[in-house]
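Each in structure tokens, the structures are laid out below.
Look for chain A in each of the two complexes below; its partner is chain B in the first and chain C in the second.
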Partner chain A sequence: MPGSDKETDLTERIEAFLSDLKRGGSGTGPLRGSAETARETTALLRRITAQARWSSAGDLMEIIRKEGRRMTAAQPSETTVGNMIRRVLKIIREEYARSRGSSEETDQQESLHKLLTSGGLSEENFRQHFAALKANVIEAINELLTELEGTTDNIAMQALEHIHSNEVIMTIGRSRTVEAFLKDAARKRKFHVIVAECAPFCQGHEMATSLSKAGIETTVITDAAIFAVMSRVNKVIIGTQTVLANGGLRAVNGTHTLALAAKHHSTPLIVCAPMFKLSPQVRREYTINNSNNHFVSSGEILSKVNVHCPVFDYVPPELITLFISNIGGHAPSYIYRLMSELYHPEDHEL
Partner chain B sequence: MASKGGKQSRSDRKGAGEQEEEEQPLQAVLVADSFNRRFFPVTKDQPRALLPLGNVSMIDHTLEFLTSTGVQETFVFCCWMASKIKEHLLNSKWCRPTSPNTVHIITSELYRSLGDVLRDVDAKSLVRSDFVLVYGDVVSNFDVSQALQEHRHRRKMEKNISVMTMIFKESSPGHRSRCEEDDVIVAVDSKSQRVLHYQKTHGLKKLQFPMNIFHSGSDEFEIRHDLLDCHISICSPQVAELFTDNFDYQTRNDFVRGILVNEEILGNQIHMHVTKDGYGARVSNLLMYDSVSSDFVRRWVYPLTPESNFADHKGRSCTYSRHNVYRGSGVSLGHGSQMEENVLIGCDTSIGANCHISNSVIGNNCTIGDNVILDHAYIWNNVHIASNVTISQSVVCDKTVIKEDVKLNKQCVLAFNVVIGPNISLPEGTVVSMHHPEEEEDDDDEFLSDDAEVGHSKDKNKQKGAYRVSEVGQEGKGYIWKASSLDDTEDEELSQCLWGLVLNPDPESESEASEPDGPDDPVIPSPEMDDVKVFQMEVLGTLQRGLEENIGCDNLVLEINSLKYAYNITLKEVMQILTRVVLDYPFQQQGSQLTTSQYVALLLPLLKKWAPVFKNYVKRAQDHLDCLCAFEEHFLEQESHWAAMVKVLMNMYQLEILEEEIILRWFSQGATTDKSRALRKNQGLQKFIQWLEEAEESSEEDGE
Partner chain C sequence: MTKEEKQRLRKEKKQQKKNKEKKDDNASQESEKEKKSVSSSSSAPQPPTQPATQKGGSSCCSLKNVHDMVQKVTLILIFPVVKRLPEHIQVDNPDVLKKLAKKLERQQIPLRLDYGYKVSLFSHLHQYSRKAPLTQQLSIPSSVIHPAIVRLGLQYSQGIVAGSNARSVALLHAFKQVIRDYTTPPNEELSRDLVNKLKPYISFLNQCRPLSASMGNAIKYIKKEISNIPSQCKEEEAKGKLLNCIECYINEKIILAAKAIAKYAIEKISDGDVILVYGCSSLVNHILCEAFEKNRKFRVIVVDSRPRLEGREALRRLVQRGISCTYVLISAVSYILPEVSKVFLGAHALLANGYVMSRVGTSQIALVAKAFNVPVLVCCETYKFCERVQTDSFVSNELDDPDDLIVTRKGKTQLEDWQQVPLLGLLNLVYDVTPPDFVDLVITDLGMIPCTSVPVVLRVKNVDL
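Right after this comes the complex of A and B.
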């Protein structure tokens, strides 16, 4: 039966994706950037939309929520997955509303008055069946995919507005977005980049190699030297793992130090973050990865110590000057607004 | 069709290493049996592969490792309590149709060693290409793909020379996850990573290396002691064949030793792969259990962490917070209780007030009372612990009940269903089980006892009478397994082995308790006399068969030769034994009351028949003498048949087995005892010698 065949194929794909996510971030799984994860998640959601059995928007949302919960649970530190699920849910809501004929705007604006009078937008509103809904949703998801494809380029395009000749730029660790951003600027301007190595994983080394290959003057410093060097720096440009709802960051360990040093010297701190990194979460989490650490050689000591190797820092919004996303630059105080544009408030908790 | 597409893309993503020219899925052989009794009173109720480590069965850890490293087909071999393992696997995520790793379960009660398993692999021809070989109690997060790539590359460069790549982890001596009894020293060719010498140190201070390993052409060697054997190896299909060819290989050690010793003959080589990061260890005893568990909780095995719920149990997820504290769902913690650090608590466990818990793992559905102190405690599922209990570095198995005011000192083990207390303190290293230690010896042979057997033994328990109050407390149930009486040394060994605390092991007790080791093991006594006797019997059998089935002399020689190597017999001994056997043959067949003439009549045709066999061995002058000595010995024992002696000798002379010169020399020199002098005075013999001397003289004259 082709139907059941399709379904087993779908579940197989979901399982494969889940196990990849679980192993992600370590050496054993396939190493991917968050952009790739976002694309894969969206592609998988498109497949679910196309292949799962559903008759109304409500069913589909339920399916996507169910799978979404599993996906986010598989790798809680990878917020991109949850963000893409919320985006798709939002798309379904919009398409449903459009099919029903009501305008998007009225649905989107949740005024206090409306909240009080309507008694909440409940699920039964999504029970109506529309033949064209599936095609429309898939169409909209395709648009989202195209948007995702272009994010890094869109951000990099803005580079010339922010980087000027003979500036000294500092960055930390390795971010693909920042890498593309700097390389784009390097085509027109000459500037100097200082990379903090970001021990113990030292992704900064990779970053520096890649930048110097592109012909950018690059210096690697240890994390401890960040404050000392900061006085010479004109701008700090960093990437992030997640942009939190309050405009704060969850970024690679060491970023907080960097941000504080930048604040002390009043150096502008610019964060390159595509929109898909925007997460409605505010919760701070704690992730430790001990897998490849450098204490392994000293065997006897190891038995007597606890080794903690946190992966992420929380950076409060006050320390951030500007976000550069694929749709332009925003202040941290504006993030809440973007959040409500991107995600439906009911989807914040999956 | 569609599903194939899915697999394809998966393996594509796995990296270039795997699918160079062959699209063969990577296979693995998982041995879910330890073939020893290290965990004994515990494994009597549950096989080792199913013991929980961080609240997940060990076999799930191993399967997760295999799956994440890209294995697509796994053969699980079970023996002890195979049905339980099978049931567990069928209910796990590995047997779901969506699992990327197809698991086949193969059970047999006949497996007694790793060798048996691999021979079965060969017999059923399960593996098609290189495979990963692991035990069911290995915990690891390695990515073997690099090692696999190296292995395949080597095999492509030199056709099928390298048969195995062993994976080692770099870790200096003193590392927690290094197991004393698994300490190895490895000599390796640093360029090709070829293993030249592999030896377990067993706490030895002096080690010897055969010189020839340093003459093998390469100019750089490393002798390393900073390696931890992860018990993960990448094997070629030939490994299974080699196990079949060499039926005496029992363990991987035997195999490695055999390959290294016979390298020149067979041309097979073993290589190794050393990794610096990553984690890999085998839970071979409780001390290792302790250290691997704490490493797991301390996230050294990332991404295999307690909160990742990789075994995919429904509702078994747990949350992770600072100081490595993990809590399952539905955990309740009483007022004033502290979870200090490195604590993992399973689902629906409730903990009373004012407890101190550190470095411990607590299973699901446990109840813990007030004022309990747990340090390095491993508490499995459904355990009931009353108030005011102190436990340090101990293992408490499923469904155990610990009553009030009990203190478990270090390295106690409470096996399944035991009840302890109240008001008792168990001394260090106590092992308590519901199985009586003596009953253990009763069904020693029936190692594979099934459930019926267990029920049966329970009845026996009752017969054996009540539990000793002094040992397990007033309401306690269970028997102490520790050697309280010194005469029972075997038990002492057992409890030590459980924790693997053999720090300065005298080699005897060590290897006896572990698996039967290889040929150079000091324990196995090989008294030479026995071998010689067995060899004699074998030769007799061979000749007998040769006579019955009319086998040609060439083949007889061949068989005797192979026997000679099998029992390690010198050529001189072969000669003497052969002579003795042949001369003795008529007596063996017809009984000892033969008359002399009958004896001669029987023997002469035999001698004629087997003359080529003799000629094959009796070549140099010394050989002749040896042969004659045996001849003499034989007749010294058979005084009544001295008359036959001369005829036999004559016959041997005529058949050109013996030369006259040597016979003369023997006659003149050989006499050392009175009896042999008497033998030489035998009339017939003297006549024969005289005749020989004359014949010689005449031939000399002829020559002149």
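Right after this comes the complex of A and C.
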């Protein structure tokens, strides 16, 4: 039967995606960028919307939430998955509200006035059936996908506003967004980039070779030399894994030290982060303990020693000067507002 | 004999040049002063002395002579030491390089060539490759340089002897060997000839690896001791005296100092402490081992950094004693610091403006510790105190072999062909300076002092000497 074929096909795809996520986190599978993950998640959600069986918006939301919980459980450190799910849930809510005819502004914020006057929970059942809902939601998800495809270019287009000639720019590790940003500026301006290698994985090396091949004068330094060279740096431009709701970052380890050094020298710290990295989660710690080590190899003392290898750092918002996203530049104090526009408060917990 | 004459002639010429320079200086200063006084007193009647050409020194007025003398005296009082910039931070100046090449040729020491693309910010420093040690260019057996010194130079350049205390001690032992094997040539005085013999050795060691501040102080001490040997002293007696002096120096300044510092530092370690150390400082390791012997209960976090990974050596030594340790890389410092109660750092040198010169990464750890309000204690013997001043890590530093940064991860070596890529540079710094506001206490053999008291200690030491 065509229906069940579609369903099994769908479940297969979901399972494949989940196993990819699991493998990507443990380091055995191919390392994928967050943009790729975001696109794949959104494509999968569109497929679920198209192929799964649902009759009302509430059903769809339930299905998506369930799948979403499984996906985030497969790889908790990959927050873009959760972010995309929340975006799609918000899309569904909006489309539902539009179909019902109620204007969008009334549903926006929880305000004290609303709580007092409405006198009770604003119970939205999402039970009404609308024929055009499916098509509308799929169209909206398509728009989201187009937005996702253009994020890196949108950010890179703003490069010339922020980089002038003969600057020394510092960055850490490898971020595809920052790479595109710097390469775009390098087409018109000459500047010097210092890359901190970010041990133990040393992804900075890849970044440096890629930048130098694009014609940018690059220097690779060790993590220990970050403070030593910071006095000659004009700007620090970094990427991040996640932007937290308070304007802080969860970025690759070593970023907090970099941010402190930049603060000490009053060097601006610019974070290039597309909107899909914005997450309503609170800070959480992620540590991996490498036992197959490029890290500690002397065997006899290894058993008596604790080795810590944190993957991410938390950077508080006071150390950040500017966020550059695909919709423009923002101060860290504005991030909470952007988040409220992207996600519905009830979706913060999937 | 002719060589001696030539040397003496050269010295005289230098003296003459210096005198001339001083005179010119005086003259220019005088003329400047005159000009100032003339310009200030515009309406006042012209002073009898004209700001005419002063060179040649033929001054008619007696007032001017007195002025001249006052100038000279003030010059000597204000600048008691004529400071010359060391050669190793003037690599971008071709004249300096030429002078160095000539000097090395005279001393028959090969010149070591720089290697690889140098980052433009550091074009004033040397950058050598470890794969091309200086000893490859020497003939074996070397007639000019004592074999103990050749061995020492090789150990320095390959990194076998590393760490400021280890290098100083090795240097002093090598000099002891040199003194034992030394015989005064006829018609020569030991005090002058031995100093001249040591000069090419020092140049050779400098070429192998730039001298550290502690080594510089040790060499100054030895030279002073040698030149203080009275001329009527017999050779055997003089040699015995010198060997004794060196032994005393090592004993006092390094071994006993370490004991004194450990005594002070143990007062600062309490039970239940979590102590963070960086890299491998012999002094800090000594302190921790002593504290463990005295039954203090603490645990240690060893922070390490690429490419030297010296922390593994410290880790090995501490674990062998039975101290419980944790190991992290320097990028994880802000993750681990909330658990830490104190930070102990070693120093390579303490500069006269209170800055601490130490292994690269130390300033970073001090910065993060300050941000988390964790006290930072620096342990340093007084013989490492140095009269230089420096405010950043660029003007005077050491560049290590850039190939050390190359590493293979996940089967790929990204930077293997970095020399072929035209715009790519690798920077392997060795030292950095920590500002004094990050350091809470310096523990020395003279006691526990704040960072800003370093020039006081230097002055006290100079008065003693």
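Criterion: the second predicted complex is superposed on the first by the 330 of 350 C-alpha atoms of A that agree within 3 Å, B and C clash if a C-alpha of one lies under 4 Å from a C-alpha of the other, contacts with A are read in each partner's own complex, and residues count from 1 in each chain.
The definition used in the following text is that a residue touches a chain if its C-beta (ideal position, glycine included) is under 8 Å from a C-beta of that chain, and two chains touch if they have at least 3 such contacts.
Owing to the predicted nature of the structure, the values given are computational and were not obtained by experimental measurement.
Asker: Based on the superposed arrangement, let me know which partner A:318 touches: chain B (first), chain C (second), both, or neither?
Answerer: Once the two structures are laid over each other on A, A:318 reaches no partner at all.
Asker: Between chain B and chain C, whom does A:161 touch in the aligned arrangement: first, second, both, or neither?
Answerer: Touch status of A:161: no partner.
Asker: May I ask you to decide whether A:231 touches chain B, chain C, both, or neither, giving the answer as first, second, both or neither?
Answerer: After superposing on A, A:231 lies in contact with chain C but is clear of chain B.
Asker: Output check: A:307 vs chain B and chain C. Expected answer is one of first, second, both, neither. What do you get?
Answerer: Both partners, chain B and chain C.
Asker: By the touch definition at the top of the document, which applies to A:153: first (chain B), second (chain C), both, or neither?
Answerer: After superposition on chain A, A:153 lies in contact with neither partner.
Asker: Figure out whether A:198 sits in contact with chain B (first) or chain C (second), or with both, or with neither.
Answerer: second
Asker: Classify the contacts of A:341 with the two partner chains as first (chain B alone), second (chain C alone), both, or neither.
Answerer: neither
Asker: Tell me the contact category for A:6 with respect to chain B and chain C: first, second, both or neither.
Answerer: In the superposition, A:6 contacts chain B only.
Asker: Return first, second, both or neither, reflecting whether A:139 touches chain B, chain C, both chains, or no partner chain.
Answerer: After superposing on A, A:139 lies clear of both chain B and chain C.
Asker: Which partner, chain B or chain C, touches the larger number of chain A residues?
Answerer: Per-residue touch count on chain A favours C.
Asker: Show which residues of chain A both chain B and chain C reach, each in its own complex.
Answerer: Residues common to the chain A contacts of chain C and of chain B are 296, 298, 306-307, listed in rising order.
Asker: Please name which positions on chain C make contact with chain A in the complex.
Answerer: 119-121, 305-307, 312, 315-316, 319, 324-336, 359-361, 363-364, 367-368, 371, 392-394, 405, 407, 409, 414-415, 418, 421-429, 432-433
Asker: Chain A touches which residues of chain B in the complex?
Answerer: 2-3, 6, 10, 13-15, 67-69, 96-100, 141-143, 170-176, 178, 276-279, 291, 298-303, 308-310, 317, 320-322, 324, 341-342
Asker: Quick check on the complex: what are the chain A residues that touch chain B?
Answerer: Of all residues in chain A, those touching chain B are 5-6, 8-9, 11-13, 15-16, 19-20, 22-30, 73-74, 286, 288-293, 296-300, 302-303, 306-307.
Asker: Going by the contact rule set out above, which residues of chain A touch chain C in the complex?
Answerer: 192, 197-202, 205-206, 208-209, 212-213, 215-229, 231-232, 253-254, 256-257, 260-261, 264, 285, 294-296, 298, 301, 304-310, 313
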